[in-house]
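Sending over a structure as C-alpha cells; questions will come in a sec.
Order as written gives the chain letters A, B and C; numbering starts at 1 within each chain.
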C-alpha cells in the first residue's frame, strides 16, 4: 500500500505552498516528512487526506488514484491526525474515538457492533483504556494526542498520516508512540509522519522525504537524507553527524 | 496533571468483552424512554388544565370522541356540549400539540446550530431568522392583513436566511465564524426594519399584538398550526436527528471533518438550510419564542453528554415537554389573562439551567 | 402604548417654572370649578403666562377671582393665572371636550385623532389645524406657541412624544392630562363613573374660564343619562376591543365597565382590576356571554371583528356569535369624555332592539 505523490501543486494567495511535489512513501513502512516551518508538510498531509484540493498532481494509494474515489471511500483508507485539534470539546474519549468510525457508518448513521469492536481495539492499541470515560477537556496534552490517535486508528486506515505527533509527548511517551507506529507498520499500515525532531526521524523512520519551500529537496533512506550537506541548505544551520552508540543510526547535533 | 483512575475502570483488555460500555450505548435507551414517557404524560395532563373548569375525564372523553369521529365511527352530539367541547378540541388540544411540536423543533434546531457553528451561544435564530420573520409578521400586522401572518413570517425568515448565507458565502468559504457574523448583520438590519415599521405605522391597538408576537405566543394555535409545526418537525426535524453522526464529525474542526470523509461545505449549507426552513415554519406559527433553542440543548448535554446521536432526539423530546408546560403556565398562572409564552420560557428556563449547572459542576467546565 | 404607563411622577420641575406662583396649593380633588381662589393681587391681564401674540384680554365670562387656579393633575401641580388662549389638544377626547364647551376657537393645533368627530362638531373640527396624525413632536407643538397642551393620555406628554411636562412648564407651557387617564394608582380612579367624567368636564371648563358652559353641558348629559333604563334581562357581555389570538377586552374599572353598568350589562371581565385587559378565548367560551359589544375603529372595524368571530372555530359556536347578538360602539366613545353619554344612550337603544329569541 504505497503512497505515490506526483507533481502536486497548491497555491494560496499567489504563494505556491506546494510546488510540484513528487515523492513515494513505501507501503507498510514509516516515512518521515521533514522540513523547516512553512515547507509545506501540513499542507501536503492535508492534500493527501483530501482536505484540500491541489490545482495539479495526483495521489495514488496502492495503484488507486485517490482523486477518483468518493470522499467517504477515501476516508476509509486514509486517516489524518492533526497537530492541534480543538482542545475543549465536551466529549468523552470513547465518544471521540467513535467519531473515527464516521466514514464506515451507514447513510443514516446507525451504530453497529463492528463500530464498537473497532473502537475498543483502537482504544486498547493507543493505550487510552484508562481514560475511556474521561472527558477530553480533563486530559493532558499527551493524553489528548493519544485519544486522537485512537480516533484515527478506529478509522481502520491503510494509510495513517500524522502531523507532528510527538509535540506534546514526553520522552517516555515518544518512545511508546514509535513502538506503536512500529506495530502498525508490521501489520501493513503505511505511516507518514511529519516530524520536527530530526533525531527522532533518524531513530525510527524507514524512509524520509525532505521538503523545502514546497518542493522535495531530498528523498531516500535515513543515511541518504540525513547528511550535513543535504540538511544545511534547507535548515540553514551547521549540522554535525554522530553515530548512535547502540543502534548505529545517525545522531545529529546543530550549531 | 494526572488524575486518579476513575473508580470502576475496566482494564483495557476487558473492554473488548463488553464493547458497548465503551461508548455508553446503554445510557441512551433509558433516557429516550423516560423522555418519551414524560412527553406523553405532559400532553395528556396539559390538555386538562385551563381557565375553564373542565373535569379531566370529560376532557379525555371529548378527545376520544373526536378521534373516533375522525376514524368514521361518529357518536353524534358531543357529550360536553358544543362550546365546552370546542374549548377542548379547538383551543386546548391544538395548542398543546403545537407547543410540543414547536418545542421539539426549536430545541433540535438549536442543538444543530450549536454543532454546526461550534458556538455554544448559537440558537435557531442565528441566521437572522427570527428577525426576518418578525419583520414579515409586523409588516402584515400593521397593514391589517393578519391572516397572512404565517406566510409573511415564513417568507421573511427564509429571505433573511438567504441574505445571511449569501453574505457569508460571498466572503469565501462558509466558516462557522462567518455564519455567525453574517447572521448577526442580517438580524440587526431586520430588527431595525421591524422597529421602524412599528414606530412609523402602528396604531395603539396593534402594539399589543406585535409585542405578543415578538415575545412568542401560542395563543393563536389552531389545527392548521398543528399541521404546519408537526409536519415541519416530523419531516425536517427527523432528518436532522438522523444526521447526528455527521454532526459529531464536525466536533474537531473542519479539517478533521473533511478527513473523515464529510463534504464540509455542502453538509453545512444543507443543514443550515434545513434548520432555517424548520425554524421558519415554527416562527411562522408561534412567533420568536426564546430560550428553548439556546439553553435547552445545553441542559440536555449536561445530562447525557455532547454526542449528537443522543443529543438531538433527546433535545427534541425535552424541548417538547418543556414548552408544553411553559405554555400551560402562560395561560393559567394569571388567568383569565394570558402571558406570551416567550416570557415564561425565559423565567422558567434560566433558573432550571442554573440549577443544572450547579449540580453538575464538574462537567460544566467542558461547555466552553 | 396604554399597556406601558409613562409616569410623570418624576416630572416635578427642579426650578420654579414661570407658570407657578409662590402660593402653595395642594388641591388633590377634581372639583375645583367653583373654588374661589385667593384674592391675590395678580392681574389676569398681566399674567405670567406668556402668550406671544395672543390678546391679553381675559375671556368675557371669567370672574377675575377664579384665577390663579392651581390644581394637582396626575401628581403635577399646574397653576393657571388666566384662561389659556392657545391650546394644543392631543387625542379626540381632548379636542371634542373643548369643542363641546364652545371654546374651539382657542385651539391652535390638534394631534392624534382617534377618528372623525361626531356630527355636531364636524364642521368646527374640520377647521382645526392638524399638527400630526400621530403624537406631534415637541418642536411641532412648541412651534404652534401654545400656552396649554391638553393631552388625552399620560403617555402623550413624555420626552419622545409631545415633550415632558417639566420641560414644557419651564418654557411657560402648561400641561393638562385627562384625569381619568392617570396611571399612578394614587390618581387613577378606582372605578370610573359618570360623575368623574362630569367633574373632568367641569375642571377643564374652569381652566378655560367657561364654567357656565360646563354646567349646561353636564346638565344636558345628566338628563340624557337619566333617561336611560338599564336592561333588566340580566345579560352578560364581552367588551371586545381588539386582538385576534388574544382578545383585548374592557375590564372592571374603566370606561367600558362604566358604560356597561349604565346599560345593564354584566361584564364577564369585571373581575380584572384594570381599565382594559388581555383575556383568553377559553374563558370567553366558558362564560359564553349573551351579548358582545364590538368596538368600531377605522383600523379595526366592527365588521372585521364579526368576521373574525364567525371564522374562528373557537368562537364560532358562542351563543352571541351564532345569533349575532352584537352591539357596536365607536372607539373614541370608549375614552372618558363628552362622548360617553351619547354612546351610552345609543348602546341602550341597540340593546333594547336586540331580539334574544
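For this structure, a couple of remarks:
Please note the rule applied: a contact is a pair of C-beta atoms (placed from the backbone, for glycine too) under 8 Å apart; a residue touches a chain by one contact, two chains touch by 3 or more.
Keep in mind that this is a model prediction, so the values were computed, not measured.
Chain centroids computed from C-alpha atoms place B closest to the centre of all protein C-alpha atoms shown.
Per-pair tallies of C-beta contacts place A-B first. Centres computed as Cα averages put chain B at a distance of 45 Å from chain C.
Chain A and chain B have Cα centroids separated by 42 Å.
Rounded to a whole number, the gap between the C-alpha centres of chain A and chain C is 81 angstrom. Across the assembly, chain C contributes no residue in contact with two or more other chains.
Against chain C, the residues of chain B that register as touching in their complex are 50-53, 82-84, 86-87, 90-92, 144, 146, 203-209, 211-212, 217, 219-220, 222-223, 331, 335-338. On the side of chain C, the complex with chain B involves touching residues 1-3, 241-246, 248, 269, 271-272, 277-283, 285-286, 288, 297, 299-300, 312-314, 317-319.
On the side of chain B, the complex with chain A involves touching residues 1-3, 5-6, 9-13, 15-16, 19-20, 22-25, 118, 242-246, 248-249, 251-253, 255-256, 258-263, 301, 305-307, 309, 363, 365-368.
Contacts from chain A toward chain B in the complex involve residues 46, 49-51, 71-76, 78-80, 82, 85-86, 88-92, 94-100, 102-103, 105, 108-109, 111, 113, 115-117, 119-121, 123-124, 127, 129-130, 132-138, 140, 148, 155.
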